[in-house]
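Two complexes follow with chain A in common, the first pairing it with chain B and the second with chain C.
The block that comes next holds the complex of A and B.
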C-alpha cells in the first residue's frame, strides 16, 4: 500500500481545502477511499450517524499535480482509510499560502497521513510544517460497507432554492422545532414546514424547476407518471439539513434533492470538480 | 377554549389587520424589549404597543404607531393578547436578520380575535412564509402611574454618550445608582462591584445633554440585572429621556429612528431597589 500526492497550484490547494472543510462539517469520522483516478469521502448510514450517509467524489486530476497510489493488492487497487476530516482541515489551514503541499501515507508507529506543507520564507530554504494525521486502515473485508449508494426510486426530484434563503429560514425554524417536513412536487414547488404546539411555519418556494432524469428502462417512471401537483414529503431532523447547507462554503453549480415520501431525502450538490451526495432518512 | 363565535363586525373577519413593507420596522423595535419570552400586544387605532415585564419591577413598552404601517386596521376599540415574543421574533426574521437595503421583507399580520392564533405572512424575493402563532389570555400589566406631573427630575441625553457606559456597566454590581441633582454632580451613574465603585458623571453643560430639568437632588438604586436589557433599546436610539418621580420610579424613554427615518419610541419603567431619596453625594 502506497500513497503520495502533491499539490503545487494555489487555486487547487484552496479548492481542496474548501472541500475538506465542508466534509469536516458533515462528519466527525469518515472513510477516505483512494483509487487511481478518484478520491471519495464516505459516511455510511450507521445508527451512530443518525442514519445519515454521505458520498463525496473528487477527480484527483483536478486537484493534484502528482498522484501515486498503489492499493492493497493488484486486483483491488484501492486504499480505504478511516480518518477525522477535521484533522485534515486543520492541517490544510496552515497551507493557505503554501508553495506546495505533499500528502503521504506513512506507517512509522501507526498509520498516518503525513501532510507536509512547504511555506515561503525570506531565507533561501523554505519552511516546512508537517502534520501527522492518524488514520485507520480499513480492511478489505469491510469495503462492502462503503459502496456507492444508488439513487433511490424517488417520488419527486426538484432543484433546491437559493441556498442562502434556505439557510436563513432553516436557522429560524431550528429555534422553533426539532424536525421539519420537506415537501415538493413535480411543478417546481417546495414547502418547508414546521408545526409545534406553539407555532406553525410554512415557507413556500416556487418555480424551482425539476431536473430531467433520463428514464432507464422505466425505472423512474413512477416519478413521471405521478400527478405533477401532488406532493412528496418527508419529515427530517432540521439540524442535519442545516449541517449540510451550512457546510457549503461555495455555492454549488447544481443543487437538487430527491424525495422518497416518508422514507428518505437524497441531496445532490454539484460543484465543478466535486460531487456531494447526502442522504437524510425520514423520522419515524 | 374558544368563546362562542363573535359575529365579525362589518363583514371583516380580522379584528386586527396590518401591512408593513419592511418587517424590520417592527422586528428591530421588538428586539429592544425582548428580555422575556412572553409579551402582551395591545392594538388600538393609534397603533401597536408591545409590553414585556419581569419580576413585577420592570416594564418595557415598544410603540409602533399606525403611521409606520402601510395599512393598520383595528375593528374593536382595542385588541389585546399575550404571545411568545421569542417565537414572534423568529417568525418576523425568518428570512434572516442581515440588513440588506435592497430586499426588505414585506409583512402582513392578521388576528381574528380571542383564542385565534396570530397569522403572519412574510414575503421576500418571491418566497412566502406563513406563520400561525398561538395566543394566550393577556396578563394583567403593571401600572407605574408615571405621569409628567409627578416627574421630579428629567434629563435628555444623546444616546451615543450613554451607549459605551451601559455596554460596560460593571455587572458584578447588584445595583445601578442614578443621581440627579440641580447641583454637582448633576447626573451620575454609579456601580459598586467586586473591583470597587465606579462613577460616571455627565455635567449639565455637556454637549451630550440636550435638556436638563433637575429640581431636587435624588439618588436611587435599581437592580442592574433588570436594567441591563435596556441597553438594546439604547443601542437603537438617538436620544433618551431619563425621568424619576417622587417615589424614585425610573422612566427611560428612547427615541428610535428607523431605516426610513420614521420615529418610534421604546420606554422602560423600573422600580427603585431601596428608598434613598435624601441628598447622598
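The block that comes next holds the complex of A and C.
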C-alpha cells in the first residue's frame, strides 16, 4: 500500500485546504478513500453521527501535480483510511505560501499521513515543516460500509436559496428550537418552519427553481406526476443543517436538496471540481 | 509616591499579558533605574523578568523609601499584584494606543496601593486602584553567558515557527546541531502515536541572526509559557536571544534594548539517567530514556500525590536573593526573611499535565542551587525539605547529587513524617 502526492500550485493548495476545512466542520472523523483518479471523504450513517452521512468526491487531477497510489491489492487498487480531518486542516492552514506540499502515507510508529510543507525562507535552503497525522487503515472487509449512497427516491427536488441567507435565517432559528421543518414543492417554493409552545416562525422562499432530473427509470415519474403545489416536508435537526452551511467557505456552483417526505433530506452541493452530498435523516 | 507615565502602551500591555501566562501574580518593583516586573509560576518551571528603564517612560519619578527596621537602606520595595486585577487595564491592548492618550501609574507603598490611570479620548478617565501586598520575590539566577548554545533571531521568525504548532501544544523540543535547528512536538516513550499529531520544523542555521552551537543538544520546554514573550517581543521589534545548554538545564529567551530588557527562563525536561555522564552530545538517533523525577511506576503515579504533600508543608518564607546581575554566585548577602512567601503551596494545581509536572523540578534546582547554598549558610533546612520532599536535610552534597536525590525521592508518607520531625 503506497500513496504519494504533491501540490505545487498555490491556487490548488488553497482550494484543497478549503475543501478540507469544510470536511473538518462536518465530521470529527471520517474515511478517506483513495483511488487512482479520485479522493473521497466519506462519513457513513452510524448512530453515533446521528444518522447523518456524507459523501465528498474530488478529482485528484484538479488539485495534485503528482499523485501515485498503490492499493491493498491489484484487483482492489484502492486505499481506505480513517482520519481526523481537523488534523489535515491544521497541517494545511500554515502552508498558505508554501513552495510545495507533499503528502505521503508512512508507517513509522503507526500509519500516518505525512504532510511535508516546504516554505520559503530567508536563507538558501527552505524551511521544512512536517506534520505526521495518524490514520487508521480500514481493512477490506469493512469497505462495504463506505459505498456511494444512491440518490433516494425523493418527493421533491429543489434548488436551495442563497446559502448565506439561509444560514443567517437558521442562525436565528436555532436559538428558538432544536428542530426545523423543511418543506418544498415542485413549483420552486420552500419554507423553513420552526414551532415551539410560544412561537412559530416560517421563512418563505420563492422562485427557487427545481432541478430537472432525467427520469432513468419508473421511480422518478412519481415525482413528476405529483401535484406541483403539494409540499414534501421533513423535520430535521437544525444544528446539523447549520453545520453543513457553516462549513461552506465558497459559494457552490449548484446547491440543491432532495426531500423524501418524513424520511430524509439529501443535500447536494456542487463546486467546479468537488461534489458534496450530505444526508440528514428526519427526526421521529 | 512614585509616578510613571508611558511611552508605549502596547509594549507595556503585551508585557503584562506575557507575564500573565506565567503566573497569577507578579511582583511590581519600581527602583531608581526603572520598573522591574517579575513572576514565577507555582511549579517553579518558568520565571519571567521584564525591566523597563526610566527612559522607557515619558516621565519617571521615583523616591527611595527607607524602612528603619532594615539593616540596609531598602533600595526597592516590591509589591505583589494579582494579574487578574491588572489585565483589565490592558485589555484589548491593540486598540489601547488609539484610544488612550496617557497612562500613569502611581504607587503608594504605605497605603499598599498601585493606581493605573488611563486618560482616554473624549475626556474619559479610567482609574484602577489595585491593592498590593509586600513580597519578597524570587529571582532566578541564570548565567546566560555560560551557555554553550546561543541563537539570536527576530521575533517574527520565532512566531512563524511556533504558529505551526497547535495552540494546545504544551511542550516543544528544540534540537540543535551545528548544521541544523529543529523544533518539534515533544514525544516520550508512552506517547500514543495513533492519537497524536506530530509537527516538526527544520531550519537552516542561516536563518538566525546569530548561531552558536557549542554542544549538540535537545531541550524540551513549555511552549505555552513562551507565547506571551513572543507577542511582547513582536511589539518591541527587538530580536530574541535564546540561551541554552543540554537537557535539564534551563533555557532563557531574552530581549534587550536601550530602554527595556526581558528574560523568560523556562525549565527544560531533564534526561536524568544521562546526568552522570560527561557532557557528550546525546545520540539523537535513539530514543532517550526519560525517567520522570517522580517515581512513575508508583501505583498512584498521578502528580496529585506529591502536590498534596507539598501543600501540607508549612510554607516558609523565601528570603530574597539580592542579585542585581545575573552572574552566578556573586551578590550581596541575603536578608533574613520575614513575611509571607510569594510562592504558594498550590504547586501543581494548574500543571495538570504530568509532563509539565516533570519539567517543573528542573528550574527549581537551577534557581535554587545557587540559592540553596546560601541557605546552607543560614541553616534553613526546612526550605530544603519544602522542595525536595524526602531529601535528608543532612545532605550537603554537591548539586549534581541533588539531581539524583530528586530522581529517587519517594513520596511516601513515612518520609514526609521524618521530615516533619527534623524541621527546625
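Some points to look at:
Note that the second predicted complex is superposed on the first by the 284 of 284 C-alpha atoms of A that agree within 3 Å, B and C clash if a C-alpha of one lies under 4 Å from a C-alpha of the other, contacts with A are read in each partner's own complex, and residues count from 1 in each chain.
To be clear about the criterion, a residue touches a chain if its C-beta (ideal position, glycine included) is under 8 Å from a C-beta of that chain, and two chains touch if they have at least 3 such contacts.
Computed from a predicted model, the values in this text were never measured in an experiment.
By the touch criterion stated above, A:176 is placed in contact with chain B alone, chain C being left untouched.
Of the two partner chains, chain C is the only one touched by A:128; chain B is not. Judged by the touch definition given at the top, the superposed model places A:94 against chain C, while chain B stays out of reach. Using the contact criterion defined above for the overlaid structures, shared-chain residue A:201 touches chain B, although it does not reach chain C. Contacts of A:109 after superposition: chain C is touched, whereas chain B is not reached. Once the two complexes are laid over each other on the shared chain, residue contacts for A:250 go to neither chain B nor chain C.
In the superposition on chain A, A:59 makes contact with neither chain B nor chain C.
Those residues of chain C whose C-beta lies close enough to touch chain A in the complex are 163-164, 166, 193-204, 206-207.
The part of chain B that touches chain A in the complex is made up of residues 84, 86-87, 90-91, 93-96, 124-134.
Residues 84, 87, 90-91, 94, 108-110, 112, 121-125, 127-134, 136 of chain A are the ones touching chain C in the complex. Remark: chain A residues 161-162, 165, 168-169, 171-173, 175-176, 197-207 touch chain B in the complex.
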